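Structure provided below as structure tokens; questions to follow.
Think of it as A, B, C and D in the order they're written, each chain with its own count starting at 1.
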Amino acid sequence: MNAATVIFLILATLLVISSLMVVFLRRVVHCAMALVTALLLIAILFISLQAPMVGVLQVMVYAGAIMVLFLFVIMFLNPGVLEQPSVAWWGLAAVLSVLLGAFLVPLFSQYEPGDNPVTSTELFGSPDVLAKSLFGEFVLPFEIASVLLLVAIIGAVVLAKREHGSDGAA
Amino acid sequence: MVSAEFSTVASGLLRWIPLIPLCATVLNLFWGRAWGNRTAGGLACAAVGASFAIALYLFWQLPANGVLRDPVYTWIESGLFKVNVAFQVDALTAAMLLIVTGIGFLIHIYSLGYMAHDEGFVRFFIYLNLFIFFMLLLVMADNLLLLFVGWEGVGLCSYLLIGFWYRDINNTIAGNKAFIVNRIGDFGFILGIFLLVTGLGRQGVWTLDFLELQKHTELLSPAMIGAITLLLFIGATGKSAQIPLFVWLPDAMAGPTPVSALIHAATMVTAGVYMTARLHFLFVLAPATLSLIAWIGAATAFFAATIALTQNDIKKVLAYSTISQLGYMFLAVGMAAFSAAIFHVFTHAFFKACLFLGSGSVIHALDGEQDMRKMGGLNSRMPTTYWTYLIATLAIAGAPFSAGFFSKDLILWEAFSRGAMILWGIGLITAGLTAFYMFRQLFMVFHGEFRGDDHAKAHLHESPAVMTFPLVILAIGSIFAGWVGAPEYLWGSRWEHWLQPMFGAVAAQESSVSTEVLVTVLTLAVVAVGFYWAYAKYGRAPAKGAPSAAEQGFLYRLSLNKYYIDEIYDYLIVRPFTGCSRFFAEFVDPRVIDGAVNGVAAIARGLSWVWCGLQTGNVQHYATGLLVGTLALLAYFLGQS
Amino acid sequence: MIVDLAIIAVKAFLVLFMVLNLAGVLGWVERKGSALIQDRIGANRASIFGFAGMGLVNTLIADPLKFLTKEDFIPPAGDKLLHTLAPCMALFPALVTFAVIPFGDVLILGDRVINLQVANLNVGILYVFAMGSLGVYGIVIGAWASNNKFSLLGGVRGSAQMISYEVAMGLSVMGVLMVYSTLDLQEIARDQGMLIRELLPAGAAFLQPVIGWLPAWGVFLQPLAFLLFFTAAVAETKRIPFDLPEGESELVAGYHVEYSGGKFLMFFAGESAEVVTAAALVTTLFFGGWQVPYLMRDGFHFPWGSIWLLPHLAVVILQVAAFTLKVLFFCWLQILLRWSVPRFRYDQVMRLGWKMMLPLALLNVVVTALIIVAAQ
Amino acid sequence: MVPLNYYLILSAIVFSIGVVGVLIRRNLIVVLMSIELMLNAVNLTFIAFARHLGSMAGQVAVFFVMAVAAAEAVIGLAIIISVFRQTRTLDPQNMQLLKW
């Protein structure tokens, strides 16, 4: 068990704990902060997997933009009431999800990594390599993604625009 | 046999002949009410007048034995089968063109006066123009399908115009009757077209073009031709009111009188004759059909004439006389004397239109009274109408040197010279009957003293000039129109020379002029007998008027009630048919069919309710469903590996 | 191995030390500067044992003492944990940003080549933005945790404002990245050592005598980007004229109404640290970073050809000094701004960000791209 | 060098936790956050495989997942806001109008 594995295990435990917090904490803001933590941990895992570009993007996009948006909305609506979970439903859902985990974990643990991983060069995961494949073979999906984002912007504007007469929350 | 095509400057004009009335129809349809009666009526008349002018021009342009063609565009093209919207004018079409547009023009003008006080004025002229359009389509079509379109179109217009005064239910019923009876005929007609297309198609010739058909007739087996011509003739009986489908025409008199004159006397009802003449190259190859046509024609002529003897409605008499004259025409067709048939169409158009318009003038004067027993002594009150009526009566009765004399005589001579003695006899007797009932009508209407009430007597008046002018023109026509077809022993027939080449050389009848003169004299004698009988019975002692049906004999009542044909049809055909359809409508459709459909729907709904419970509307439940499905798939694949 | 770690630790410590002290000094400079601008005597009361001289030193010691000895108040209805975490979240990103900012070229000690930069990321600039975006949390969480309407409003404003200006900021930098075609700040700094004449395409040779002698600094290549970036950076620091989240006049103190003592000090230090960060970024991206004009690794190479060789150590010292001076200049510039410009209205801030800076930045990107393509 | 399986198992666990959140939470915002968590678990798998197979495709895929996630979050939050304006609640159990 070398140092890398130890670090990974620490990160993994932290990640699992924080994601559990996301799901089981009762205050929405706490959930959001737990999720931010989880995202940062995942970003670190990315960087440790020789994907620095994606890792930093992860921090920028998720932690920097999306989660701030979540917080913004949470404060916008500021739902004071805490939810009352129904025990039976909890039980069913929990059992099902545990079942899912019970399916997936052994499946992945039995997965044969095949031959030893490709000894990647120093450049692997660097911005220009990513850019080359992104604007090379994946240029069409890239354009489509841009269209998707445009649609999302318009949709958000239309949805959140307060129509005349009715004054919404906040 | 004519197939030489001439495409002169004139041929470009062809399409405008039908198009102008159509344009008038559309314009009046949208803006007629806004423009008002005067403008709308003027527009309608002008349109038909323009068509008439073009028709005249083409008539002069038309080269001897020539054909003018104007292909507009390709209408249907499926595989080898190709149908154009194309117009053609040859001698036959030219004759029909002149009749349709000329008579139509006069009747339009007449209608201006006749319909002046009707609130449906604009609608009337819209229908009338539409009819002219379809009629021209019919006579100018260069293929059978386009002809059929016109055929159906005129049927539609006739229906619309018979039921023109739709507020009276009887008119609507009459319209329906005409339409339905025509459907029967048209069904036979379209079957005939199908048979023709497939019959030629099997031989590899996919066409309905008349010129093409004429070239390829030999491809068809005689039996096939017989069937085709028979079916087409059924269509003709429907449109031209022959036995057994003549019952609609008398009821069609419910329409306005100009309509009766134009559609149900001059033009539309002769469409059947035109069609047979147009397809003569088929009919001449089917002797059986021809003889059937001849017999049916003769029977119709006689039959209708006997009914006309006793009718008291002024227009009914004319209607039955029309049927009988049509019978003459088909007799000629049956004799394969197509030019004679068309000749009779030509002359008949003049005097029958004149008669109808005259009767219309009378009815107009008596505001709506049609019963001849309430008329009489009108000759002094409305002289123009009287004199024109008299001339037309003479013409139809076949008085010497009148239009009817030449044409009817020609037909009888054709029958005689072809040795069809029985048919000739029937025709001869019918001629006498014709003379009788026409003069009976003349005496009852115009002679003696007036039998109506004083109120009606008070405002008897001659019709306005706009109505009498066409009468005069038509009266002149009824005298001189026949002269173009004079027999050989007189100054000879230009008509024959002009039209005959269309139909190929007829078997030259070897018979001396003397016999022909003899036959003519015999005919005149019979006519004279008929005239005298009428004079004796109605002209001399008009005071007692028509005897009531009661003290008459059985034959009289039989004739008066039109041999109970309508009742017979009603019992034999209509009742069982309606009963059958009632059964289907009231039992089969609601119980069986709807039951099946609703049953299926009910089952589906019942099943769906079972599953509706699953749709809670809660997103998370759906998500759970997704998860369960995923688990199932995972389990399946894990189980496999 | 150990030595490398040691060197990294030393570099990290040095940078942290510098930044925090600079932040502290800024506090004093700010007071003095404001006093100067407002024509009054300021920050002359801090006396230790009656010794009031050396205002800087005194203030440096007195301020923290004052803050740390005050009561640390947590609003009872608030959220204890987050209320405590928030200041750290505010301070942390400002500090770690410096990890990727180069303060000098390589230092060669014997056979060991030391890169004068704490962490050499090949995605440095992105890292900077990532950290900058994390800065929002401090405000938002602090505002929410103190359960106070004013601070909540401040938090909402802050989050909205910072997100808006991050967009304009990132887009404005895009031009620079395209020019130097790298994300590595150290690389960017090195490229700015070139002269413009080395970049000029053959087509624009006639410009040689005019601007050919200029160093290829970002400000010369991307003037518009510099303006936009500087404005956005100032907005990111949430200082006047962009101090809507605090807005004393309408929100009392905005997101840190409920903060006092050490936690407020952390907010305060965080703000100062952000000022320094902004200055450092502007320097690195647009003013050659540690570059001294015409100073190569072995000495000065003037455009008119004459060469003045220098020992390596002197070169390194010159570079670090140059970097520090530039940073100080921009810090001073921001202070000048803060005390001489009135505050925007909130809608004005939003309009400026979205309707003026964003389109301009996009335009800049497009134009730059066109020029680059044309030059090739 | 950490074996690939570790990352896979970790992402599986995180994914399952996210599923739990989606199923049981009665606050739409948290549900949305759980979805983000699931997406990130998948991203982790992508990156791990990319590293293992030495192909950039995985990282590019993550790139696109991020784009989609951003769009999804924006639209989802907008919908949540407008729903909250109508019915002053975030509880999906109170939003059951959309059925037969």
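The rule is short, and it goes like this: a contact is a pair of C-beta atoms (placed from the backbone, for glycine too) under 8 Å apart; a residue touches a chain by one contact, two chains touch by 3 or more.
Predicted model, so just to flag it, every value in this text is computed and none were measured.
Using the mean of the Cα atoms as each chain's centre, the chain most removed from chain A is B.
Pairs A-B and B-D differ in how many C-beta pairs touch across them, and the larger number is found at B-D.
Distance from the chain A centre to the chain B centre is 85 Å, each centre being the mean of its Cα atoms.
Chain centres here are Cα averages; for chain C and chain D they lie 34 Å apart.
If you average the CA atoms of chain B and of chain D, the two centres end up 80 Å from each other.
In whole angstrom, the spacing between the mean C-alpha positions of chain A and chain C is 29. Contacts with at least two other chains are made by residues 620, 624, 627 of chain B. Shared interface positions of chain A, defined as residues touching 2 or more other chains, are 53, 57, 65, 69, 74, 76, 93, 96-97, 100, 104, 107.
Contact with two or more other chains is made by no residue of chain C.
Pairs of chains meeting the touch criterion are A-B, A-C, A-D, B-D. Listing the residues of chain A that touch chain C in their complex gives 27, 29-30, 33, 36, 52-53, 56-57, 59-60, 63-65, 68-69, 71-72, 74-76, 78, 126-127. Chain B makes touch with chain D in their complex at residues 612, 615-620, 623-624, 627.
Interface residues of chain C facing chain A in the complex, by the touch rule stated above, are 79, 82, 85, 121-123, 126-127, 129-134, 136-137, 140-141, 143-144, 152, 155-156, 159-160, 162-163, 166, 183.
The residues of chain A lying in touch with chain B in their complex are 92-93, 96-97, 99-100, 103-104, 107.
Of all residues in chain B, only 620, 624, 627-628, 630-631, 634-635, 638 touch chain A in the complex they form.
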